[in-house]
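Multiple structures follow.
Here come two complexes built around chain A, the first alongside chain B, the second alongside chain C.
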Partner chain A sequence: MNHDDPTLRITRLFTDRRLLAIPMLLMIAIFLYGFVRIGFESFTPKGEFTLDLYTEFLSEPVYVRVLVRTVWVAVVTTCLCLLLGYPVAMLLARSRHRDLLLILLISPWLVSVVVRTFGWMILLGNRGAINLALKDLGLIETPIKMMFNATGVIIGLVHVLVPLMVICVLSVLIQAEKQLEEAATSLGASPVQTFARVIWPLSLPGVYLGASLTLLTSTGAIVTPLLLGGLRDGMLGTQIYQEIFSMFNFPRAAALAIILLVISFLLVLPLLAHESRMRRKRGL
Partner chain B sequence: MARGNNLERPLGNAFWLLGAVVLALLPAPLLVVIWVSFSGDNYLIVPPSQYSLRWYAEFFSSAKWLQSLGISVALALVVAIATTAISLFAALAVEKVKPRARAAFEFLVLLPLIFPHAAMAIALRAANTDLKINATFIGLVIAHIILSVPFCYRPIAVNLRKLDPALREAAMSLGGGPAYTLRKVVLPLLRPGIVTSLWFSFIISFDEVNMTVFLVGTQFATLPVNIYAHLADSADPLIAAISTFLIFVTIALVVVLQRTVGLQVFVDMENRVSEKVKPKVKPR
Partner chain C sequence: MNTSTRQLLQISDAHKHYGTVEAVRGISLDVTEGEFLTFLGPSGCGKTTMLRMIAGFEALTRGEILLDGRPISQIEPYRRPVGMVFQNLALFPHLDVFENIAFGLRVRREAEAHISKQVRSALELVDLAEYGKRFIHQLSGGQKQRVALARALVLAPRILLLDEPLGAMDLKLRRQLQAELKDLQRRTGTTFLFVTHDQEEAMAMSDRIAVFRHGLIDQVGTPMDVYARPVTRFVADFVGDTNLLEGRIVIGGIEIADLGLKLPAATGSRAIGQQVAVSIRPEQVFLCAHDSSRVGGEVCAQVVSVEYAGMYVKLRLRHSGTGKEIKACFALGEGSMAAVSNENDLVSLRFGAHALLDQ
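Let's turn to the complex of A and B:
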């Protein structure tokens, strides 16, 4: 090694350095290869190119219902997450005890999804804690069905995803200058005006990002709909699970995965594109 | 004061109240799990008719459950170290490349974030099958690395970008070689980014269940996967005891992060590293 020649040293360092990206690129390559592989599998289940798996899927009413239900559950979940998460984000953005309250937000968020779903099973079942309490209070006679249907799945998914939405909105709200809000108020804007004209538009990049991630995660969810929704009224994720573990039909699972991918991209790409445009415009 | 306050104050109050209620309800399903875990009944009923610690005794004396706990911990440790090393290498690799090339590279790194889990599980299952590592420990490690990389690369890369170049120049001009400078100057300054990365990848791997159910064999079932398999069959207080154990592990991890790096990493990962460990930032 020649330590005396600075140009040589720098070139050596430079060429050496970029090679360090190889492990990362290898991981990404495995990931992308998997998608190419299942795309290939879904178009050539018997060795020749065919669209059979897709036409079969789209002409079967049961599957179309699964598709519609997936989109519907994901959209409702996302709207509820925004509705419930936004006030929390505002609360945290202004709180002086933010670090403490963040523990309250983040700890439940990071507990395994399966544990949180279990908690909802105990709460929502026909003999669960909520039905029992309502019965004891004399409010109901027959239990309300909150599990093994879309209601249960949506409740479970909202609980799983609200913290993510809060984090996305909060990170933007913190950036937004607090002075702007004070300025708006001192110039005579009412709280509602301040919210509608200043806070909400400033928070939009976070809202878009949060909504995108919520949509993606809920369309692709597996364990929560399996446990709270049951196998009957499935979503795409549970359908894929069944194709693999009950039907052992890998090509069809692959086709479903591609359909899921396309659907979720159609849902979020406009949001993500808008989000990055807004960020760029603001130089964030 | 501003106009319309009389009308708007109740609206505003309802808004804050909603935020506070949501925040307070987030831990509810977990509290229910903890409550049920102290049941002395043979079956899961609410409210428990008697209380005991028998289910904890059963958990800690069950070879099957302890083995899956061991697998989960080993997996999470390997994933944390591997993901952090890969992310650190990648961040060092692209530090000096042209901004456009770096942006393209970072887009690839963040890519797994926008793929729905059910689709990703099928793709990784296909890739692992072709690599002959399906249902093996190494197959799980690779899947979890791909899942964690988008969360771990950023804190390290941002940390690296914020380092004062003068520190490195000083070390180099005082005769430290590139390797020496990296070890004695750069790595210690990257500590917060590295700690954050280790922590994120550990917890992501330790908790993951949606994709893992597709990728484990019978030999390497992780703790969350075993909980899921058990729940799909029947729910009993034993699962509540194991879940409670997981809840406390997660809370402990959150407290550790709060003490070491601070929870602010969640909300301003993109723009600042952390208040507690501010390296000298040069405005650009």
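Let's turn to the complex of A and C:
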């Protein structure tokens, strides 16, 4: 083969895997630039370094409530996703029609979050389908408030995030050997004991991954809390949105973004730490 | 069978159908307490399905299995006093060796002191006393095998089912583990029900062998029985090497057309003139120096090939009259070398023990 063939040299140049470093570095650079810019902005609102924006935020009860509500909504959403998603994942792991069911599971993702959230508004409103039905059945006198509060946000977020949890858990469940369950049975473990002592511990990596993703997504959620939560009971995401689009207070929005980042990190950190400890133990 | 021994497991007319596929088609078998019984057969013969029905991982389509006289279908799989060692061993990767073995005891909610005593003696039983803290991925193949055995035996099961647990091991390790397994069975006195497709393995370890074919048992007997007195073509062919010959019942014996020879035989209730198959093991074919004045009971053959296999030598011969190929095998002992010939030599053959086979 002629090594000086110019076309070959060009082909080689473009198929060199090291080229992939270029888009990667570009991504990292842009991310870092944004991150540094926002951090800088939040610490120097008036040109000098100050922690004012942070101390101001943390000493204002309204903001602290937003913070607590954000964490609360994220944690409850994650727990509900796990509770609803885990049995579905188990069902899918055993089903012969897994592929079809998976498509059904993720089909809601084909519809934009905004549209889906409007759907929930039709269902959950004070004059929504659910309240009307309950009233017609004579089960309630006054409508149950399911919208423009944390309940609405959680319902909306769970709907968006359950498939994510299912997929994360499913990915580890289908890897686990079927024979481990049979082994547990042969050692006298009832179905409940088999779940508690074998299936659940083996699925923890998937659970942690799913929980991390749902926690991160729900702490940073904007659209769902904006539409179903209203502006009064805001979350960090909606607060940032307001600071930018209503108050035009970029430094404060930047400070909130940094706080959001730290909160998300703190929520996910214990999960990741425990997961990596487990991995090391099992020699993976 | 000795009436003083107890029937631990009684399988009667067991069937298992998957849709139109009949994996097990009517198996009846008694398992005696304390014996080492092997299910031997090629893959897809129903031996593993039968084992899984005893364990409770598959339900019987028809028939019944009695364990200590009690229908097994009435006992939840996890309540059956039956242990199992799986082909892939199925050790728990999230638990260390100690906890793997303790699993069954913890599930039974035994006291902690009792658990640790039991597990330690189980670890000693399989010679892994120092390995309690290791994780499964830190063990060799043979060690994993022993953990799987200890995990099942620590619960003192009435019967231990072993589903080709040596299948994935290399030959040398297999031979070593076979000996360990047999030794463990003797020491614990546990009834072992072992599944394998390796006839040598079955012969080496078992008290009795049940030879499976197409979801049925062709023959049950001691390794010697099955080898020396196979009852079907399949058993004769599958267990060990053999010469399968076509013959016909005549007065006082059988006439073997393939050899142009009449052999005396106990023909039992078979009718004169009936076609039968005859199995003659290679080591029951004897060589003599060729003598043109053929004595009765001898046939003339030509050596096709000679293959030395260490302790013994294998010959392929061709019958001078009918052209039928005959396998012969000799131990290399004193004097036998004299009889071993070179290719193309003419020799005389005599035949020892043979077995009449049902078709």
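What we mean here is this: the second predicted complex is superposed on the first by the 256 of 284 C-alpha atoms of A that agree within 3 Å, B and C clash if a C-alpha of one lies under 4 Å from a C-alpha of the other, contacts with A are read in each partner's own complex, and residues count from 1 in each chain.
In this text, a residue touches a chain if its C-beta (ideal position, glycine included) is under 8 Å from a C-beta of that chain, and two chains touch if they have at least 3 such contacts.
The structure presented is a predicted model; accordingly, all values stated were derived computationally and were not measured.
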Looking at A:V268, would you say it contacts chain B, chain C, both, or neither? Reply first, second, both or neither.
first
Of chain B and chain C, the partner touching more residues of chain A is B
Q. So, does A:R69 touch the first partner chain B, the second partner chain C, both, or neither?
A. neither
First (chain B), second (chain C), both or neither: which does A:S190 touch?
-> both
Next item on the list: Quick one: classify A:R252 as touching chain B (first), chain C (second), both or neither.
Entry: neither
Notebook entry, point to check: When the two structures are overlaid on chain A, which partner does A:L19 contact: first (chain B), second (chain C), both, or neither?
Noted result: first
| message | Between chain B and chain C, whom does A:L202 touch in the aligned arrangement: first, second, both, or neither? | response | second
Please indicate which partner A:I174 is in contact with in the superposed arrangement: first for chain B, second for chain C, both, or neither. first
Exercise for the section: Go through the superposed model and pick first if A:K281 touches only chain B, second if only chain C, both, or neither. Expected result: second
### Message
For A:V114, using the defined touch cut-off, is the partner it touches chain B, chain C, both, or neither? Pick first, second, both or neither.
### Response
first
Overlap of chain B and chain C contacts on chain A, residues 185, 188-191
Note: in the complex, chain C contacts chain A through residues 55-57, 76-79, 82-84, 86, 88, 90-94, 103-104, 106-108, 135, 137-138, 151-152, 155, 161
Interface with chain C, chain A side, in the complex: residues 177, 179-180, 182-191, 193-194, 197-198, 201-202, 278, 281-283
The answer for chain B against chain A in the complex is residues 2-5, 8-9, 11-12, 15-16, 18-20, 22-24, 26-33, 36, 44-47, 85-87, 89-90, 92-97, 105, 108-109, 111-128, 130-131, 142, 145-146, 149, 153, 177-178, 203, 206-211, 213-214, 224, 227-228, 231-232, 235, 239-240, 243, 246-247, 250-251, 253-255, 258, 262-264, 266-271
Within the complex, chain B is touched by chain A residues 3, 9, 13-14, 17-21, 23-25, 27-28, 30-35, 37-38, 41, 84-85, 87-91, 99, 101-123, 127-129, 132, 159, 162-163, 167, 170-171, 174-175, 185, 188-192, 212-213, 216-217, 219-223, 226-227, 236-237, 240-241, 244, 250, 253-254, 256-258, 260-261, 264-265, 268, 272
